[in-house]
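The data blocks that follow each hold one structure.
Note that chain A is present in both complexes that follow, paired respectively with chain B and with chain C.
Here is the complex of A and B:
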């Protein structure tokens, strides 16, 4: 059962990711991204990380994607070419991307292949469950937790500053 | 499940608390009519309080809140540089059109938020704190860059910074994930033991993690080849914000750069040392060559900042106490040199119709000697002429490099300095030479016109612009002639890591 679930969600994650870049219509890209994010959430569940899976679905597949859909619906795809005429970009960009892909693959595969046939890393009981994460946020990571609230406040101020000016202009 | 509340050392946390409370007070000041115009004054008060609390914590190193932060002489020194720069930025922002458009309270609250991020970043010794702090630093800056709506480039600058900055942050985060995967720890010390424990020279997971973290930090410190955003963003942003970005962001990002690489990745030094040395060399060449032939002074200082970042990276490459000391000294000197230059640029930008174009400086020596001298001193110091803090700073960096067998990078710094004379002296010459065709104030169809910005013909006499310029220039000369106090300051900071 676990294996079946793993392969189904792995194929979903990869297919969704390819869909995001391959689709011509940005609206379909967003839909493909939702497939990708849901598959990732399933993978997180298989790793017994209920909190990350829930956050993935609620925050990304839910809130962020709704935002994307709105933006795409408002702004539209437009006929603009994605290619800025920078000399050599068409050749250089894919070459560098492939180099980066190979590098990352080596890094990931080298550790993943070693772990084949083992039970994987040993983690304590309750590792990654919501209770443990809540405890971590209030104990070890209290400062980053509080700092993120300030960060959100600053982002909200910024949004008002940028949006407020427009109203002033039209008034 | 039992809950163990972390021990809170309020004395150590006091600078962070002061900035947070101050941020809220400044933001709320915009709501109440009687104090609506007092945001700049309040901001200066908050900065002074935070600086006082930091000085109080000087010489008392300790871990705070379960090791999320570490307040030691390095973090205090860097935080003080950031706060000093923010103080200058508040003065330079007086009558800046961008502050009015964003709203006084909001503008200064965002500035304080960025300073808070810098203080947290300088103290961070945990990957999670590190990332949250770098975002707290960056996000207010993205917005501040875009606050001058009437200038076409401002919004473009903010957007460019947002996109490139997010790319840098994403790379950094990806690298952090690899490092956590390889060492099973988010603490800097834990990563170091994780690496040492594995004897991990052959673990590609950690090597790729280090590489991606280095790239992410190179974006933030504008080191070539991750520098392309710098001149554009510097040019488009409101000039006081450019000065703050150029100095304070660099200081905070270099602080975490050095702590992260020397503490967490210390065991892996042989792997990253040559890579960073190459980045430093590339940065020196690209920055200095790019600055030649720039007519916009903000772009020129942007490219010069790339070259200077290359010099400073040398202080990290050597991974020694003298390297960190040289880096802190250079960051402090860099703050004074750049602030003097930016204060003069802002004054001329408001005074002449040329914006930040080099033509705005024509005949400055005869017209406004009180502005011409600071800019001259700043340019000569950035070029590294003797009797300025810039010279002493380069000397210390080269000394540290030679000590650690990186003489070739020292040679690069010397060559870079020679190239840099080509553009710094051009600015000096423009100021002091007799203007060719007619008086300097002849309005022309300027390429870099300030568009709808109101022009203040008396800006060159305003105390809040001339004062900071003279002060920063005086400090540049003072620490060039009597470097001892600043050297001691930097050495204390350097000794806190080793």
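Here is the complex of A and C:
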């Protein structure tokens, strides 16, 4: 049963990810991304972290993707632009993609493959429940947690500043 | 059983299957009654009788309605996208049924917990499955190939984002006082005083955001019969339209259930413990009555007023409520 769920959600995650880049219509790309995110949430559930799974659905599928759907359905995809918005993009993109691939390969070969055939770590009761995660975030990882929240706050303020300036010019 | 997460109280699989069926059957029995109750009440609010022709006092009206909806043709516009058009009404039903699972109807009695499941992530689960419903509306509206549907879907998207934040923050006060996300724990924590007293601001914000999340008056912008001819539902007919309607009532029940559990003491009430589910139902129906009352009383907000209320009033108020609650919880 676990295996069935794993393969269903793994296929969903991979298929969704491929769909995002393969679909012609941007609306379908967004839908594929949503399938991908829900599959990831199912994988988190299998890893005994219900909180992370719920957070994944609430934050990504429930909030971020809503914005994506909103923009794509309202504005529409439009055609591909005839020029390169960033000069040298066609050369830079594959180079960066290869760099990312190498980086991921190193990570997978050095750690993840070693775990094949083992039972995985033992998790005690209470692992991944809201209390344990709250303690981790506010005690052990307090500084990274606060730093990322300040970063998000700055991004929100920046977005407001950018949007506000545009309105003044048009008015 | 799949080890997908911890539960507050584990039971045999067959008990859980029976529980799911019972909850499903009771709620789906209540839904048609709710439609006739709403029409009757709105009739009374407007000084008319409401439906009174089908059966004694019109109580068979929902049967007639459902019979009509089922026997109608499932029409689909020529430029609609067929698969997504069919998927549209299904997703909200799925979301509503999933959300029913965490509403607590009573405590553990004779080895059976009177709720679908008690998950430690409780309220987060409610928001997670609630986000599925949104895709139903947007897919339905977008795939209909009609501008009214698209406008309705877009309005609902903007509205849901705006009010979901306030809704979550409003519940945070209760979560901090109860010290748990689980709804069952939250009900247990209300032995002394119902949370509607210390968390009255949270309750108001939650109910207001609840009106918006269920697309009810005064926040029924996505449907707006008068200007958008039902918004994302415009092109739907027959039972597909019926399931959108069904979901609206199911969401009202779910929001009332969550509010009753978190603010009105859940199943607690005088009398022996087998009355617990009845008390829960009574509290839920009291809140459903508020939903209907508000619909009959208030006019629809303008779109900018809706956004202004959500972002400039409810969100700061909910944040302030969380801050004050946090300080009080730490001090006491």
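The rule is short, and it goes like this: the second predicted complex is superposed on the first by the 130 of 171 C-alpha atoms of A that agree within 3 Å, B and C clash if a C-alpha of one lies under 4 Å from a C-alpha of the other, contacts with A are read in each partner's own complex, and residues count from 1 in each chain.
Basically, a contact is a pair of C-beta atoms (placed from the backbone, for glycine too) under 8 Å apart; a residue touches a chain by one contact, two chains touch by 3 or more.
Being a predicted model, the structure only gives us computed values, none of them experimental.
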{"item": "Three-chain arrangement built on chain A, chain B and chain C clash or fit", "value": "fit"}
{"item": "Partner chain(s) touched by A:138 [first = chain B, second = chain C, both, neither]", "value": "first"}
{"item": "First (chain B), second (chain C), both or neither touched by A:130", "value": "second"}
{"item": "Touching partner for A:154 - first (chain B), second (chain C), both, neither", "value": "first"}
{"item": "Which superposed partner A:50 touches (first chain B, second chain C, both, neither)", "value": "second"}
{"item": "First, second, both or neither for A:70, with chain B first and chain C second", "value": "second"}
{"item": "Contacts of A:34 with chain B and chain C, given as first, second, both or neither", "value": "second"}
{"item": "Smallest distance from any CA atom of chain C to any CA atom of chain B, in Å, after fitting", "value": "12"}
{"item": "Touching both chain C and chain B, counted on chain A across the two superposed complexes", "value": "131"}
{"item": "Footprint of chain A on chain C - complex, ascending", "value": "2-6, 119-121, 124-125, 127-128, 130-132, 134-135, 138-139, 142, 150, 153-154, 157-158, 160-161, 164, 180-181"}
{"item": "Contacting residues of chain A [partner chain B, same complex]", "value": "103-104, 106-108, 110-111, 121, 131, 135, 138-144, 147-148, 150-151, 153-155, 157-158, 160-162, 164-165, 168-169"}
{"item": "Residue numbers on chain A that touch chain C, as the complex places them", "value": "1-2, 5, 27, 31, 34, 41, 45-46, 48, 50-51, 53-55, 57-58, 61-63, 66-67, 69-70, 73-74, 125-126, 129-131"}
{"item": "Chain B - residues contacting chain A, complex", "value": "1, 3-6, 20, 23, 27, 64-69, 101-103, 106-107, 109-110, 113, 116-117, 120, 126, 128-129, 131-133, 135-136, 139-140, 142-143, 146-147, 149, 178, 181-182, 184, 203-205, 207-209, 211"}
